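Pasting the structures here.
Two complexes, one shared chain (chain A), two partners (chain B, chain C).
And then the complex of A and B:
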C-alpha cells in the first residue's frame, strides 16, 4: 500500500509541494488541481523521478527512497507518452516488458492479455507509427499492465482524446481497477465522476481536499445560483457559466450567499471550483 | 524476444541509418576490389592507406548514426515512461550503446577476416607475430576508434540538441581529417604559438605527406594509441557526467566514474608529453626535419674551434633503452688516455645529462650542436656519458627502431660533421677503426644488428659501427649472407629479386667473410639523406632498396664524400652530353665534374680515369677530391 508523508518539493525558490501527506488504499483516486498545482510533481516524487529530501514515500510501510525495486510493482503512464514508430505494437510492448522485468516465458501471454484489455489485439502486428493518437494512448495503458502492477499511475491520460476514446478509457479503468491502487491525474471532471472513488485536490502545492466525488460536490451546496445578469448584486461571485437567450443574459455563479437569482443543484465541477476558489 | 534483437530491428527500420550502415559494410569489400584494380592483391603497401580511410569514414558515420539512434527514445516520448521502471531509461540506453558497439565489432570482424584471409591464404604470410600485428591494427582502427566515437555520441545525445551536436561532430570530423595539418600551420602562425591539432585529433592517423616505416608492420603507432586512449577516457568522463545530470539515482556512481576517468586522463596525458620519435611528422618525409635543423641553425654542424688531438675509442659499452625514445649510457674507453680534452660527436637531438669518469666523478663538458667536448680533469682512461632524446628519422619506438651505425646516436670519436654545408646534404659518419662493442639494448620489438646477439638484448662484437634495425622483420640467408627486411616489403612477394640482388653483389666482390648481414632500411625516411643507396659499414651493408644493385654496390665501396666524383666518372662514360652540362654548371673546384674535365683535358682520358678509379676505391685514401686533383695535376 502506498503512503506519502509530509512530502515537500522545491525547485529553486519555488515550492511545488508543501507538506503533502496521504495514505492510499485499493481504490481509484482522482488527483485534480489547477495548472501548476503540483500534480505531476507529486506523481514524479512518488516514482522517485525527483529526489525527495523532505518527507517520505512508503510502500507497504518501507521507504522507497533507496529501493527502486518498488517500481516493479508500478505501472506508469506519463503525460507525454510515445513509442518507437518503427517498431510493431508487439515488439514495442515486448521491449517494455523486458524493461519491466517480466519473465521472458510470460511475455507473449501478457502482451496478448494487455492488448485484449485495451481492444488493440487486431493491431498487434501494425507499426506504432500507423496508429492514431487514441490508439497510442491505449497502448500506453496496455504497457502499464504488463508487469501486473499493484499501483497504477496515470498522468493526464485522456488529454487530447476524443469523447469516444475517453469513454473507452473510462471503461478500461473500470475493468482493471480491482485490487489495485490507481492514481489518475486529470483536469477532466467527467473522468473523475465516471471512475474515481476518491478525489485529492491540490492547490499551490498543498492538499486542499480529499474525499469522495459526492463529498466534493457537496462542497458547493448552497453556493450555486442561477440569475439574470440584471438581478446580480455584489462582486464576490465566480461566474461559472454565461448564457444568452433572446437578448437576456443568464449567469450561473458561485458565491457564499445569494447575490441574486435562485439556488441550483451543485455539480462536481461546482464543488471543484468552490474548493479551488475557497468560496 | 530479447531487447537487443528489438533494438536491432529498430535500427534497421530507419531507412537512412540502414543505408549508411550497408555502405559501411560494403567498404571492406570495396577496399579489396580497389587493391586488386590498383596494385594487385599481393601488394601490401596500400593496406595502411585503405585502413586509414575506412576507419575515418566509420568513425564519422558512427558519430551521426549513434546520435540519432540514442536520440530515438527521447524523440519517441518514451523516456519518462522508462524512467518509471526499475532500471530507468539508462538501462535501455546502455543496451543501445551495446548495439552500436556490437555493430562496430561485426565490422571489425569482417575487416579482420578479409585482411587475415587475404594475407594468410593468398600471400602465405602466417607468422604469428605478423598476424597478431594485423589483428591489433584492425581492432584498433575498426573497433576502438569507432567505439570512442560511439561513446562521445552517447554523451552528446544526453546533453546536446541536434544542431549543437551536429556542429560538434562536423568540427570533430574536420579536425581529424588531413585538413588539420594546414589548419595547424595557419593557426600556429597566426597565434605565434604551436597549436598541436595533428597530435590531439589523431583518429585519421596518416599524414598525407609521409608514410610509416615498413618495419612498423601494420599501423599501430604508440602515440596515436595513447591519444585515442585519452579521447576514450574523455568520452567516458563526458558520458558519466551527462548520465549524472540526467539521472539523479546514478549521480554518485557517475561522479566516481568521472573522477577515475579524469585521473587516468591526466596520467595518460602526462605520459604522452614525454619525448618520442614521430616518424609520421608533417614533413615531406621525416628527414626534412633533419635538414631544417641544419638550414635554420647551420652552426649545429660546425665543429668547435677548440683544438683536439686525435684519439680513438677502443671499447664502447652502451646501455640503451630504446622504447618511446632513446635513453643511453655510453661507457667509453679511449686511447690515448692522457689527453686533456676529448671531442665527441653526438647528434644535437640528444641531451647530455652527465659526463663522468668510470668511477663516477663528474667531468666538465660543453655541448655545442652535434659536438661534445669533455675536459679530462681526472686523467681518466674512459668516460660515462648519459644522454637521452628522440629523432624522427633515426628513431626508437615501441614497435620499431632504426639506429644505423653512420648516425651519431652514441658518442663517436672526434668532431665529425653530419651535414655537408657545401652540398647541403647529410654526410654519414663512417669510421674505419674497430671498436669492441657491448650493447645492452632494451626494446619492445624484435631487433637485428650487425653485432652478434650473445644473450637476449645483448649485442657484442668488434666492428667500426653498431647498427640496429627493429620491428616486424624477416631474415633470409642467401649464399651465406643474411638479408634482414620488413614483412611489408616487396621482397615478400618477390623473393627472387632479393636473391638476384645479393648474388649480384657477391659477383661484384662482396666478401661473405667480412660482410655477414644486409639490413633493409626505411627507404622513404632516407630519401635524400644517403648519398649512396647502399652504405658499406665494413661488416654490414645498409640499403633502402635493391633495385640498381650493380651501380649502387660499386658506389658503396667508396667513401661517401667521394660519391660525386664516382658519379661524374660514370656519367662521363655513359652520357657525355650530360657530363658537359654537369661540368659547366659550376666552373670551380667545388664541382667534381669540372675538375675531372680539366684533368682529362690536361692529362688525357685514360690516365685521369685510372687515377680516379684508384683514388675512389682506396678507402685508406682520405684526401678531399680537390686535394686529389691538385696532386694529380702536379704529377709529371
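And then the complex of A and C:
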C-alpha cells in the first residue's frame, strides 16, 4: 500500500507542499485543488520525479527512495503525453513495454490486452501522430497498464477531452480499478463523482480535506442559497452562478448564513468551493 | 552489470528509437556510407600523392564524421529529456539514459570504421590519424551528452556543437593545433598527436560523467 508521511517540498522560497500525509488503500482517489495547489508536485514526489528531502513515501512499509522495485509497480500518465509520434501505436507500446522491463515473450500479449481495454485495437497500426487527442490519451492509459501495476497515477487525464471521451475514460477506470490504488488528479467534478471512492483536496500545498464524494458534498449543506440580486444582503458571499431572465438577475451563492434567499440542495462542486473558500 | 537479456532489450530499443526518428534517421547513414565515400573517392581518384591528398580527405572527415556519429544519440536523448510526456520514461524500470545514447554512437563509429578501413587500403599508415578522429568523435559525444543533461536544451546543444566545429575549422590555419582544436593536426609531431588523442578520450569521459552527475544533482526530472 502507498503511504505518504509529512511530505514537504519547496522550490527556492516557494513551498509547494507542506506536511502532507495520507495512507492510500485499494480505491480510486480523486486529487483535487486549484491551479498551483500542489497536485502535480505531490504526484511527482510519489513517483520520485522530484527529490523528497522532508518526509517519506512508503510502499508496503518500505521507503521508495531506497526501493527501486517500487517503480515496477507503477503506471503513470502525465498531463501531457505524446511520445514517439513517428511510431505506430503497436511499436510505441512495444518501446514503452521494453522501457518498463516487460519480458519480450509477454509484450505482444500485453499490448493486445491493453489496446482492447482502451478500445484502440483497430488503430494499432496507425502512427501515433495521426491519432486524435482523445485517442492519444487512451494510448497513454494503455501504456500505464503494460507492466500490470498495482498503483496507477493519472494527472488530469480528461483535460481537453470531449464529453464522449470523458465518459469513455470513466468507463475504462471502472474496468481497471479492481485490486489497484488509483490516484486521479483532476479539476473536473463530474469525473470525481463518476469514478472516485474518496477525494483528497489540496490548497496552497496543504491537505484541506479527505473523505468520500458525499462527505465533500455535505460540506456545503446549509450554505447554498438561491436569491434574486435585489434581495441580497451582506457581502461575504461567493457567487457560484448568475442567471438573468426577463431582466431579473438570480444568484446561486455560498455563504455561512442566509443572506436573503432560499436554501438549495448542495452539489459536489458547492462542497469543493466551500472547502476551498473556507466558507 | 548488463545481462544477455538487458543487451537484447537494449538492441530492440535501439531499433525502435531509430524508427521513432522518422525519415531523418537515415541521414547520418547516407552521409557515412554514400556522401563521404564519394567525396573520398573523388579526392583520391588518380591522385599522384595520396599521402598529401589524405590531408584533404581528413579535413572534411573531421567536420562530418563527429556530427554524424552523435546525431542519433542527440535525437534519442532529446526524446527522453524534452519529449511530450517524457516523465513516463523516467518512471520506468530502465533508468539510465546513457546506454541508449551510447549504442547509436558506437554503431555510427563502427560504420565510420568501415569507411576508414576502405581509405586505408589506398593510403596506408593512417592509424594514428584514425585514432585521433575517434577521440574527436568521443569528445563530441561528451559535449553533447553533457550539454543535453545540464541544459535540457536541444538548441543550445546543437549551437555549441556547431560553433565548436566552426571554431576548429577557422583556427585550422594556426600553427599549433592542440586539444581542443582538431581541424588540421598534420603539423603536429607524432608524440603530440598521441597526447592530443589521449586528451580527447579523457575529455569525452569527463564530460559524459559530468553530464550524468549534473542530471542527478538537479531535480530528478524538472
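The rule is simple: the second predicted complex is superposed on the first by the 279 of 279 C-alpha atoms of A that agree within 3 Å, B and C clash if a C-alpha of one lies under 4 Å from a C-alpha of the other, contacts with A are read in each partner's own complex, and residues count from 1 in each chain.
Everything below uses one rule, namely that a contact is a pair of C-beta atoms (placed from the backbone, for glycine too) under 8 Å apart; a residue touches a chain by one contact, two chains touch by 3 or more.
The structure presented is a predicted model; accordingly, all values stated were derived computationally and were not measured.
Partners chain B and chain C clash in the overlay (superposition on chain A).
In the overlay built on the shared chain, the residue A:91 is in contact with chain B and with chain C.
By the touch criterion defined above, A:100 reaches both chain B and chain C.
In the overlay built on the shared chain, the residue A:82 is in contact with chain B and with chain C. Shared interface residues of chain A, touching chain B in one complex and chain C in the other, are 47-51, 68, 71-72, 74, 76-78, 80-84, 86-87, 91, 94-96, 98-101, 140, 143. Here chain A touches chain C in the complex through residues 44, 47-51, 68, 71-72, 74, 76-78, 80-84, 86-87, 91-92, 94-96, 98-101, 104, 140, 143, 147, going by the rule given at the top. The part of chain A that touches chain B in the complex is made up of residues 47-51, 68-69, 71-72, 74, 76-78, 80-87, 91, 94-96, 98-101, 107, 140, 143, 153. Contact residues on chain B toward chain A in their complex (touch as defined above): 1-3, 6-7, 9-10, 13-14, 72-73, 76-78, 80-88, 91-92, 248-249.
Residues 8-9, 12-13, 16-17, 19-22, 79, 83-95, 219-222 of chain C are the ones touching chain A in the complex.
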